[in-house]
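All chains are identified by letter, namely A, B and C, in their written order; residue positions are counted from 1 within each chain.
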Amino acid sequence: MIWKVFLFLLLSFVLIAGIAFPIVNKPSLWYEFPFIKGLGQNAKIIFFHVPTAWLTVIAFLMSTIYSIKYLRKKNLDDDAKSYSAAQLGIIFCILATITGSVWSKFAWGSFWNWDPRQTSIFALLLIYGAWFALRSAIEQEEKRATLSAVYAIIAFITVPFFIFIMPRIMTGLHPGSADDTNAGPVVSFKMNSNMQLIFYLSLTGFTILYFWMWRLGYKSIILLTKFQLKDQNKQL
Amino acid sequence: MKSYYLFSKDYHSEIRTRYAINSLIMFIIVAVSVILFSIGNERVPGNLTAGLYWVVIFFSAMSGLGRAFISEEERGTSMTLQLIASPSTVLSGKIIFNLILVFAMNIVITFIYSILFEEFVIQNYILFIINFILGNIGLAVSATIISAIIAKAGSKGTLYPVLSFPILLPLILTSAKLTLFSIDGTSINDAVFELAIVACYDVIMVSASYMLFDFIWKD
Amino acid sequence: MNNYSLQANAVKKNFGRRLIFSNISFELINKGIFGISGPNGSGKSTLAKILAGLISPSGGKVIHKSNSKEILPERLHNHIGFVSPYLILYDEFSASENFYFFARIRGITPDKNKIEDLLKRFLLFNRKEDPVKTYSSGMKQRLKFIFALMHSPDLIVLDEPTSNLDEEGKESVYKIIGEEAENKIIVIASNEERDLSLCGNIIMLENFKLTGSR
C-alpha cells in the first residue's frame, strides 16, 4: 500500500513540475529549466513523451521474452504475462505516437513527417496491431499462445533492421538523431541537473506504473481463465 | 532430395488445380492496371516507379504465396505430411515452391513493368539483378513462415497481408531503395550497405524460420 | 530382427487449462496388439496421436526405441504407420501417384510390388489410376491402410480402424492386423467390441486417467 501512495505522489510531482516549471534563458533558481536551441518551450514534452516511448519498447521486449519462455516451458501463465505486457505496450505505443505527433505539429509544422523515429513507431504499431489481430483469430488457448509467441519473436528480430535502414532512407528531424544539428543528444548535454532529475523521476515513475499495471493485468487474466475452467467443470 | 519431392508434389498439384497461378496472374494484371489508370497521362518520376514496382510485388506475393500451407490445412492433409516428413523437410519443400513462384512472378512483373513504364529504365543491371535475387529470397522465406502461422490459425486468409506487412517492411523499403539506385545508376560500391542489409535479412529470416517452424508445425 | 519398444512415462495432456488425462504409463515391447478403450471424450484419439508423435504431451514422455536406441523425433515418422478418420490423402492425385510421392518424400524408392500387392488385398487395384476424390468413404479408409503399411513401419497406430468399412473391408483389415502383429506392435484405439477382441491387452481410459486393463 505504502508504495502506491509513493507512486501517486511521485507521478503528481512529475506532472506538476513537468508542466509548471518555467523555461528560461539562464536558469538560476532550482525550479528553472534551460532553453534548448531548436526546442524551446516544446522541450517539456520530454517528461511525458520519452517515458511512453521507452515503455513501448520495454513492453515489446518483455512480451518477446515471455513468448520465448512460453515456447520453452509451455506454461500458459507465461502467455498471460506476454499478453498483458503487449496490451500495455500498444497503449503506450499509441500515447507515444500521439504525443510525438502533437509535438511535431509545433516543432516541425505538421503532424506527420515520416521521420525515421515516426516510421519506426509506426512499424511498432503495425506489429502490435497484427499481433492482436492474430490472437483474436485463434480460439484454442494453446494454439493461440504458441502461434502468437512465434510471431512475436519473428517480429522482434525485424526491429533492428528499422534502426539501421531508416536513417539511410529518410533524413532525421527528431532530437537526438544523427543529423540533428540543433539539439543533438538532448538528454546528456543540453539538460541541466534539475531537468535531468525530473526526467529520470518521470521515467522511474512511469516504469513503476507499468510494472504495477502489468502485474494486475496478467494476474487478472490467469484468475479469469481459472474461473472459466471452474464453470466448465461444474457444467460437466 | 526429400524436400525436392515435396516440392514436386506441390508442383503437380498446382498444375492440376491452378489455384495459385491463376489468381496470381490476375492479381498482377489488376495491380498494374490500377496503377496505370490512376496515373493517367502524367509522367511518373523514376523514384516513384521504383516504389510502385515493390507495391505490385508485395500485393501479388500476398495473393499467391499464402497457398503453401493454407492449401494443406484447408484440405486437412497437414497430418499426412506430418506422418511422411520431418518438419525441416516440409519447410524446405514449401520454401522451394515459394521461391520458384516468387522468381517466376517477379520476372513477369518486371517484364510487364518495363514495357508499360517508360521511366522504368535500369542503368545498373548488375545491382538490379543482385537486389532482385536477394529480395526475392527474403520475400519467399518470410511469406512461407507467415503462411505456416496463418494456416494453423485457421486459414484466415484476410490476416495474411496484415501479418506479413510489418515483417516484410524492412526488406521492401531497402529493396525499393536499391531498385531506385539501379535506376539512378549508382555503383555497387555505394550500395554495399543496403545490399548487406538485404543479405542479413535473408540469413536471419532463414535461420529464424527453421528454428521456429517446429513449434508451429506440431500441434 | 525387429526390436521395437514404446514406453509411455506419466503422460499428461491438457487442452488449455482443461485436463484430458494424466499419469498414463505403460510399456509395449516387440510385438502384439494393444487396445485403448474408453467412453467418448476420454482422449483415445488424443492418446493415439501422442503415441504416433503427432502431438506432444503436456507432461511426461513417450519414448520410442529401436534396438534399444532412442529414435529422434525428426526420424520417428518413418517408423510409424497411422490410420485415423482425420487422415486425408491428396484428392487430386490417383492412389498410385499418392503412394509414389509419399515414398519419395519419405526418402525411399517406391516398392512397386508391395504397393500393388497391398492394393490387391484391399480391393483397390483396378481403381488405382483414378483420382482419390472419386472414391467412396470406405475406399478412402482402405487406402489409408495401404498408406500406413507401405513403408513397413515398426509401430502401427490405428484410431477407429473399421469406421466406414463394409464386412468385406473389415475382414481384410482384421486379417492383415493378425499378420502384421506377428512381428510388430499394433495399437488400436476403438470402442468396437470386434476390434478390441483382437487385442492381447486393453487399457481403459476413464475419468482423466488409466482405470484398468484386461
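Heads up, the rule we're going with is that a contact is a pair of C-beta atoms (placed from the backbone, for glycine too) under 8 Å apart; a residue touches a chain by one contact, two chains touch by 3 or more.
Every value quoted in this text rests on a predicted model; they were computed, and no experiment measured them.
Asker: Enumerate, in label order, the chains that touch chain A and chain B alike.
Answerer: C
Asker: Weigh B-C against A-C on C-beta contact pairs and write down the one with more.
Answerer: The greater number of contacts lies at B-C.
Asker: Using mean CA coordinates as chain centres, what's the gap between chain A and chain B in Å?
Answerer: That gives a centre separation of 32 Å.
Asker: Based only on mean CA positions, could you tell me how far chain B sits from chain C in angstrom?
Answerer: Inter-chain centre distance comes to 38 Å.
Asker: Would you mind pulling out the distance in Å between where the CA atoms of chain A average out and where those of chain C do?
Answerer: 51
Asker: For chain B, jot down the residues that touch at least 2 other chains.
Answerer: Chain B, residues with two or more chain partners: 219.
Asker: Contact residues on chain A for chain B in the complex?
Answerer: 71, 123, 126-127, 129-130, 133-134, 137-139, 143, 146-147, 149-151, 153-155, 157-158, 161-162, 164-165, 168-169
Asker: What does chain C use to touch chain B in their complex?
Answerer: 52, 54-56, 74-75, 77, 80, 82, 84, 86-93, 97, 101-102, 104-107, 147
Asker: Sort out for me which residues of chain B touch chain C in the complex.
Answerer: Answer in residue numbers: 1-2, 5-6, 8-9, 12-13, 16-17, 75-77, 79-80, 82-89, 93, 218-219.
Asker: Sort out for me which residues of chain C touch chain A in the complex.
Answerer: Result: residues 15-18, 58 of chain C touch chain A.
Asker: Give the list of chain B residues in touch with chain A in this complex.
Answerer: Listed in rising order, the residues are 145-146, 149, 152-154, 156, 159, 162-163, 165-167, 169-171, 173-174, 177, 193-194, 197, 200-201, 204, 208, 212, 215-216, 219.
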